[in-house]
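Okay, so chain A shows up in both of these, paired with chain B first and chain C after.
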Partner chain A sequence: MRIAWYGFRRHSAYRAAALAGAFTNTVFGILRAYVLIALWEARPGLAGYDVADAVTFCFLSQAFIGPMQLFGGGVQLAERVRTGDVAVDLLRPASLQTWNLADDLGRAGYLFLLRSVPPTLVGAALFGIVTPAEPATWAFFAASFVLGVVVSFGWRYLVALSSFWIVDDRGTQSLSMVMSMFFSGMVLPLNLFPGWLGTAAQSLPWAAMVQVPADVYLGKKDVLEALGFQALWAAALLALGALATRAARRKVVVQGG
Partner chain B sequence: MARIYLLLAWTWLRASAQYPIPLVMMTLGSFVLNGLDVAAIWIIFEHTGSLGGFGLAEVMFLYGTAGMSFALADMLFGNVDRLSQHIRAGTFDAMLIRPVSAFVQMATDRFGVHRFGRLAQAAVVLGIALPRLDPPWSRLWMVPLMIGCGLVIFVSIFTIGGALQFLLTDAPEVSNAFTYGGSTLTQYPLTVYGGDLVRAVTFIVPLAFVNWQPALYVLGRDDPFGLPYGLRFAAPAAALALALAAALAWRTGIRRYRSTGS
Partner chain C sequence: MIEVDRVGRSFTVGRGRARRTVHAVRELSFTVGAGEFVGYLGPNGAGKSTTIKMLTGILAPTSGRLEVAGLDPTHRRTALARRIGVVFGQRTTLWWDLPLRDSFELVRHLYKVDRDDFRSRLAELAELLDLGGFLHTPVRQLSLGQRMRGDITAALLHDPSVLILDEPTIGLDVVSKAAMREFLRRLNAERGTTVLLTTHDLGDIEKLCRRIMLIDRGRLGFDGTLDDLRATAPGGDSLEDVVARLYTGEREPAPGG
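Moving on to the complex of A and B:
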């Protein structure tokens, strides 16, 4: 808990950067909203959304970029493996994974305030977005959002761990970014994907980061099923991360002095 | 200048070849990442026959030409938008005391083969779109010209974005909104955007001249916004004006620059 608070505080030192990110997310939100509006005006009711739903989806997905770190990064582990600082982390009386998770949740909390709220408000002001009427939906959305961050952490932690085996992690990072952008619903809502591609995309872990929380917000999905899907992926990725951490402990070669 | 650019770029290329696996993955990643934009266009056209009054081949033509311009600009000078990192790390001071233009050093910094991924992808899309549209030879001369002017416009935007970071050292992401935002904007026909936005990118930030106005000429279409016909040939003038503004911004930035002292 305290580590999460430190993570929050550490990131609050970069307020200008977070606000710049919010600005960029907003600009992209506006551009993508126009494209989606054009599509839904040509095909009203497509994929069970109306125009307002599509615009809401667009701004929500922009709002998720910061907290869920959809462009990769956030976990500084890879950098610390390369510099050798990871030796200190491994000596700490807490598991490497839990430590990083707490730090990441703190970071996500801070970025939620600075990078998620402003784009959504601008979107609401410019285009008007759907707001759930029932308080229960808000509560479910909050739970779904937190689970989404945990799934995203589980994935990014695995990517970062790969640097124990491949020292230069930029290649893995860029492939991970491709997957998270496309299969989370960032590029287009997943329910637009045709046929088997759509089925596959809906069941991969990245769906838990954007598509599922957005659908919970819009009330388009059965809540229990959605939360269960996210929890399952969170548990699976965290377990895999724990196994990989154990393997990495044996593998680690600290470079330099 | 060009000779030094090539020399430095070649040096960085050889340096990056020291780690071949990440190199291949990054090139692949960049190719696929930009391919996602095309996948998005393809998925959109699975659901509708036209977007903003334009068909699939026409949108791919717009995407391909803007993509070529942006990929070339990004490949050659895109690194300029990492200025704030260099300022904060103090490495920009080192660049200033070397007897080579800081701009060229910035542009070639960490030059890698992965930068070709995006260019290859855009060229493939344009290569698919052109035969499908089959524009008359009398109009085809515009295509290389528009890619060239688009290149100048995007390089200027990258430069202005970089110069902006002399002021906003802590907030480099702001320039992404204009560089990558500009690239995203030009991938679709401007008819999908609102009229005010289109006027802004025609007369303030001349993104409409990257591909939209010249493409109307190549495709032989009327301007949906009813702007004058002559604008279709105004791309070189717009590119020149923006390039001058960018040069001025960069010079002013360098002159005002004060080292962080680290």
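Moving on to the complex of A and C:
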């Protein structure tokens, strides 16, 4: 859609920030890779990964940070609610959520090029990573990646909407960041989590942002189950977002004169 | 064009014991016919912005019934958006990071304006509002006067039958103000566009509005022509004094009383 393309262009105004992000993601990718290599050399075959899988997982998760916006934010909506600029967004002949989703997809597309591709290439050059042989796996991974962005958006949109009710969203933002980091598989692959914690983590929406697309790439998961899981969370979060948007127009103050 | 029937809007503010209900607008009723040019006045906090937010469908009223351009704003927000144009003087609907021309192009897609109509209308507006010099400048580099002209253009590209303006001349210099007023006067006279204008600038009112409505503490305090308004005060008072007296609720004692 046209708005996504403009989202892409809007973000391309901030190339320096994206490049700085890419650099950081790469450096941290290298650090994490060494930690994971040490772990997997001590415990080979842990969680069904070998060393190469673990390193690949590490660089994939670094690549997801930008597009999936794992550190939170990305949706300007929270800021616009706080300043009252959301009034202008509500004047448009478009749903607030669809509008923001399109913009976010454009953002993710731009950040994919600048913040996902370079760290992954550096990781491949330095450590060597697993590359799927089947073209079908690449196609499934692409679908899983896009679904991951949509789930991530669905979640961040809800967090941003919370500022309609609680005025200052810094609390929810930092809570969201911790949850996203931990339960997405960003800190450690979720299949390392023991027992019920592992089961819970694998069924929460954050798993759809890192663990699931990475496993689709590595061929560790049944593809249909994985995509279905992501699609289900995407639908659930977007539906919740639509309800919350409706409620916001009835219940709350749109700030500013 | 605009029908407001016993509309009320209250907000609950504060928490716990400090919780109370604020009635921003109560039992407000008025109608605006096609082709009218109405000034909507009131002191700060009187309920002007709340009224405008309800008329545009941004906020749902807590009681009463509204109709704008034949639609119920609360339930038909996006359909209504295609029929009305709105400018908030203190906010912008333009895309900050994109050239002005690209914002218009996006508006065209959002409002599904036919390409030829768009081209001729933009050419006409660019001529009338003298946009030629900065059509390709990113919005963030525009001066306030230029941005405001851009915002008015964006609000008119889909040829709305109703134009709602919230302080469109705020912060503009004398020359820009005069140009803006002349433009609005012609728009109303030549195209028959219905205009509802809120402002604190009485010059706007004197030059443009054939009818004035004054809202105070959420209720309509005055509705009539400029001459009617002047007649509420004994001869000689400036328009400023007349309005100030109405704002502070001071009325002349009834003759003979």
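Keep this in mind: the second predicted complex is superposed on the first by the 256 of 257 C-alpha atoms of A that agree within 3 Å, B and C clash if a C-alpha of one lies under 4 Å from a C-alpha of the other, contacts with A are read in each partner's own complex, and residues count from 1 in each chain.
Please note the rule applied: contacts are C-beta pairs under 8 Å (C-beta built on N, C-alpha and C of every residue); 3 or more make two chains touch, one makes a residue touch a chain.
Note that this is a predicted model, so its numbers are computed, not measured.
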| item | value |
| --- | --- |
| First, second, both or neither for A:188, with chain B first and chain C second | first |
| Which of chain B and chain C A:10 touches, first, second, both or neither | second |
| Chain B versus chain C as contact partner of A:23, first or second or both or neither | first |
| Which superposed partner A:250 touches (first chain B, second chain C, both, neither) | second |
| Partner chain in contact with A:200 - chain B first, chain C second, else both or neither | neither |
| Which superposed partner A:136 touches (first chain B, second chain C, both, neither) | neither |
| Chain A: partner with more touched residues, chain B or chain C | B |
| Contacts of A:84 with chain B and chain C, given as first, second, both or neither | second |
| Touching partner for A:92 - first (chain B), second (chain C), both, neither | second |
| Chain B and chain C footprints on chain A, overlapping residues | none |
| Parts of chain C lying in touch with chain A, wherever the complex brings them together | 11, 13, 44, 49, 53, 56-60, 74, 77-79, 81-82, 86, 88, 90-93, 95, 97-98, 102, 106, 109-111 |
| For the chain B and chain A complex, residues of the former touching the latter | 19, 21-26, 28-30, 32-33, 36-37, 39-40, 43-44, 46-52, 114, 168, 170-174, 176-177, 180-181, 184-185, 188, 191-194, 197 |
| Parts of chain A lying in touch with chain C, wherever the complex brings them together | 2-3, 6, 9-10, 13, 84-85, 87-88, 90-95, 249-250, 253-254, 256-257 |
| Interface residues, chain A side, partner chain B - complex | 14, 16-17, 19-21, 23-24, 27-28, 31-32, 34-35, 37-39, 42-43, 46, 166-172, 174-175, 177-178, 181-182, 187-188, 192-194 |
